[in-house]
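Naming follows writing order (A, B, C, D, E and F), and every chain is counted from residue 1.
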């Protein structure tokens, strides 16, 4: 009988809260969007599944040993925790965790040892998160793989498109302003670090967003990653109206001159030039852009093809699986269900819109002062969201002029946008994260 | 909440966007110089195809061709 | 001269004990069985090789830094150990290690620091074990890969075969009874946790057995894993006599109606249904079944094929290599050579036999009450041992009736058996492991 | 050794086996309901082959076919 | 304004020192040699790139949290460090780090906690180094992959070539003498451990050199690895003059009898024979040779092809990427730019030369006493540098006699050299590392 | 610096080189014995090719052959 009770008490139905139930539905919804609607499935399938696992009631898969111990709420253990933390023994679970978060590393270790000795362990997803994201490694490895898949040819053929990639990052910083404004009027409660992490959604680059969040605002990482990947999937819906509103029919019809051929040697030297510039000007962007350049150099140099091949396949796939599940661990109800999450979702879409608009307006500006005509539709590709945004430019361009193939021209600002948002990430970590 | 979070945000925007634009502008210069330099002093003597080489699978090609030859033989033998 | 002595003293011949010599032979025997006889070679080659490495005299590859320090037996260091552990300085090596195992995490850390400061390090296999198995990760990753290789089509076409998969798990629990009985009459010395871990051998599923052992009885893990994989390889010898004894010629001739086609959508939804049921009813099975369902969803959803492909190949292969070597580390003589190991080997084969019989008897029972005829030979496939057991059902069926192809019908109970033993694992961890 | 390890074992068997059977029985129900529901409300409009798609290798197929075509040509050329 | 200053102060140009600038050039040079000249690109591309990343001023990618904290030089934190280390508060950064290195594990932990609490973290490359090399795992995994790519057939057909592989290791030990001699005359400052690690360059085997350095002389690892791989790439230039000088035209023309066919069973049993000999005679070589034999057994046994395939591809490639970047982290200016580095580079090339000569002289000696003629040119392949050295033997042989194909004959001493240097590694770790 | 680092080095050389030579000499003996033993008592009945089997790709062969057959058909159909 006692066993039956033990089984029932350890079952999910006996322990589920409304938040967890809601998050299970959210997880299923993400899977539906990924599988049925094709929303960035490589990330959203693992994230959605991880979100479901994280919210299994009673399993504690997304919690650390300490959090699991606090939820276990053994009175004697809680007394020990309170003693080590130096707080009153009457503190609630939430207050204990707050005191724990504020304590120093030595206290952390002592509390962890107490939790382990009492038989509590880290949940599976928490372990994945520690190894893959808290260490910073998974986004960097993915960035290396992305580098190994990126062709800088179109950018090298027309370096001026870097300006489009720069302009589109205005979406990032406009969103920072939005976040601090919402805070100043009391609707939300974001610190300047939070605001910077939220802004990076406008960079339209998944690994960069996850990397910045993991450094500046780990508690918002789940919402930021979900917003970034969802909106990247929505680029074909978000961008075209803005593109049409800001351009005239004539502008959309502009045909661009064919790109010059780019030699292999230029492609080999480019990642090194970029790396040296990062080294001299913005060391805080060195991890992200360094790994990106490394991947690209492996691809282009032609002598380490087996490494480049692995970076583009086995390694990035393995990392993606664990990155996705780890992000899912941040969808646990008591961290995700917060008014701030709504703010993040709202600000994220604004970031995409402003980035798109800035890119287009910069292209129009360059058209006014430059001699070579630029179709302003390629400006929107500067937000990155590689290669979706470039395809959108191409598609909208074809609607206006069936002989106008903008895809390769849009790939320039598209990869420039990746560099641009990594630079923005470096600046923000440098200014805010110190 | 600090009273000046808005001004912090504005500062972050100004310096951040400024750095992004400056960095990418310098990169335009550096890239252009690099391309000119490489094109002038290290032109590629052999003709290289415009698209990147599909060499990632190269190490396996010989083996693959061998397997294929065998398969084709086997396939014909079966007929 | 001193150097020659140092070299000789550090050589294996000067240090080998009879147990190690015996275990080297066991390791070679496992390799022979794997390579020459085809006994589950993917696991038994690494396990056998790991077993040899673990028993290399003087190398200490399977020991932690602390164990290596205790074997080094430097008197000053042993005094320090005894002081930190709070035991008498006259304790033997074995007593010191027992006191260490019983001490709390803070003491563990202090002793480890002393051992490291004295120049002792963790052996290679010990490190592999810590990362791959003690963390729980390797069995879970393998389970994900197995999920990505599993086709639930036959099960979905005939869900009633789940009952066969349930019945065959009786082998697990009967073995628990056997283990506690042997303990109660004093022949063996198993705790209830040990008994549960031993029982799981009857689940005929390698990663589940390793996962449960690593949680409930790490010191028995080597014997349990070796038994599980050896008996899985022996399924074609163990099962047919039992199958023939419990069925009549007529029963073996029963032809089954062809399976209905199963739509892709059912296959996509099924792992989610299973996951939700696990979440609500048995959270303790969530890590195992969650990863299994995740692998299966990646396979079936059709939009993340590169992840599914990696989970089935590079990732599962890498994990298998380190899992096997890690299991081998538990074949170290002073842990493996124990009367309990004999008990485990004996109980394991009984578990397989009882599981086989239960599956067949359940099929006969269902035949009595159901309308659609079931060939009782597919009941034996319920033990899992995928896909060996299903092939055995097919083979024995063909002997009785050359037109009777049972393979696809037996795949239903076969994969049901995987779910069944993962559920059993969850129950046992929930009831015993708390 | 506790005196009642046997009774612990028996308990574990009863509750364990009971849970396994109950869980899988519920899964039979859930699966049947799910299949009926999917079949009724979300029938697959396009014809899907009964066996699972061999799509894991899909990303390479086009490339593989290209290599093979080349190999076949090469193979014939050598004759 | 303050922000502009913060950005400028955090930029690389404001912080770069002459050493870092020089090392950036060295990194680019390594990349040039690897990409343009084909110098062992699989290792030197990651090493060179890692070297650049390590020397990015202000990024601290190659430093631990403690080193980064000491470079940050916050006065209050330095006072805390000095207090915990028990040294005077007036110590310089360098003296603090020396005191830290000399302190015990518990003190290490306390200092690390202080650094983390102050917001300092481990650099990316430092983390890679800890996981990949300090743990010993990466060289072992690469050795396993090399084992899975090695064919012992030519060695088994002519086991006497093992003597050539033994003789060529004299380069290792002659270099040890060179290193201690340079120390005794005061030109360099090497300990006996350092000398042993430097000697292993003469083994012409990358993973062995990295493994030995990581155990015996971690601070010299960068220079040793760069020397080892560079000279391996230079084998076609270093060896031929020595080969021609030590052999007569007639000797170079010697044709060797064709190798007997070797059965698969011999190939399966050989790694086990080697493993057992290692177990009995030289347990300290067990990690290296154990993993090597394991890889080879997986390849030859024919029943775990999917594991062998992964060990030769995805796994070795992933490991190579991180191994290379990790080695690059040791090219950080303040550790690499040292007069000892010049000594290492000089001694390394001498080691290669002596090894080559010893192999050839041993072949001539065997020719004098044996009946079967041996072309002494295959002796130089005994240094390992697989398969480069064997190709050099073949090429020089063809010059003397266009009908003389030595490649397969030279593969015997070539793989024997791998075993030989792994044995030498074991001896040195046993004698010096204890 | 200890005064006798040179003698330490010489010792390391003597013992080290001695061990290497001895170990490999014993390995020559062991290998020769092993080959003789295997050749006498466990000769391979089936004819095995001299070069190592290219079996690393074996698990995929059947699939590969299927793909190839399809490709060849497709290739021909296109003509």
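Keep this in mind: a residue touches a chain if its C-beta (ideal position, glycine included) is under 8 Å from a C-beta of that chain, and two chains touch if they have at least 3 such contacts.
A quick note: this is a predicted structure, and the numbers were derived from the prediction, not measured.
Averaging C-alpha coordinates per chain and comparing to chain C, the farthest chain turns out to be B. Of all chains, the one whose Cα centroid sits at the greatest distance from that of chain D is E.
A turn of 120° superposes the CA atoms of chain B on those of chain F, with the angle given to the nearest 5.
Between the CA-based centres of chain B and chain D the separation comes to 38 Å, rounded to the whole angstrom. Computed from the mean C-alpha positions, the centre of chain A lies at a distance of 46 Å from the centre of chain F. Averaged C-alpha coordinates put the centre of chain A at 21 Å from the centre of chain B.
Multi-chain contact residues of chain F (touching two or more other chains): 15, 19, 57, 68, 72. Multi-chain contact residues of chain A (touching two or more other chains) are listed as 3, 7, 281-282, 302, 306, 309, 313-314, 427, 431.
The touching residues of chain A, counted against chain C in their complex, run 3, 6-7, 10-13, 15-16, 24, 28, 31, 34-35, 38, 41-42, 45-46, 49, 52-53, 55-59, 61, 110, 112-114, 116-117, 119, 124, 127, 313-314, 317-318, 320-321, 325. Chain C contributes residues 151, 153, 155-156, 159-160, 162-163, 165-167, 169-170, 172-174, 176-177, 179-181, 183-184, 189, 191-192, 195-196, 261-267, 269-270, 273-274, 277, 281-282, 299-300, 302, 305-306, 308-309, 312, 416, 419-420, 423-424, 427-428, 431-432 to its touches with chain D in the complex. Interface of chain E with chain C (complex): residues 104-106, 109, 135-137, 140, 144, 268, 272, 275-276, 278-284, 286-287, 290, 293-294, 297-298, 301-304, 306-307, 309-311, 313-315, 427, 430-431, 434.
Within the complex formed with chain A, the residues of chain B that make contact are 1, 5-6, 8-10, 12-13, 15-17, 19-21, 23-28, 30-32, 34-35, 38-39, 42-44, 48, 50-53, 55-59.
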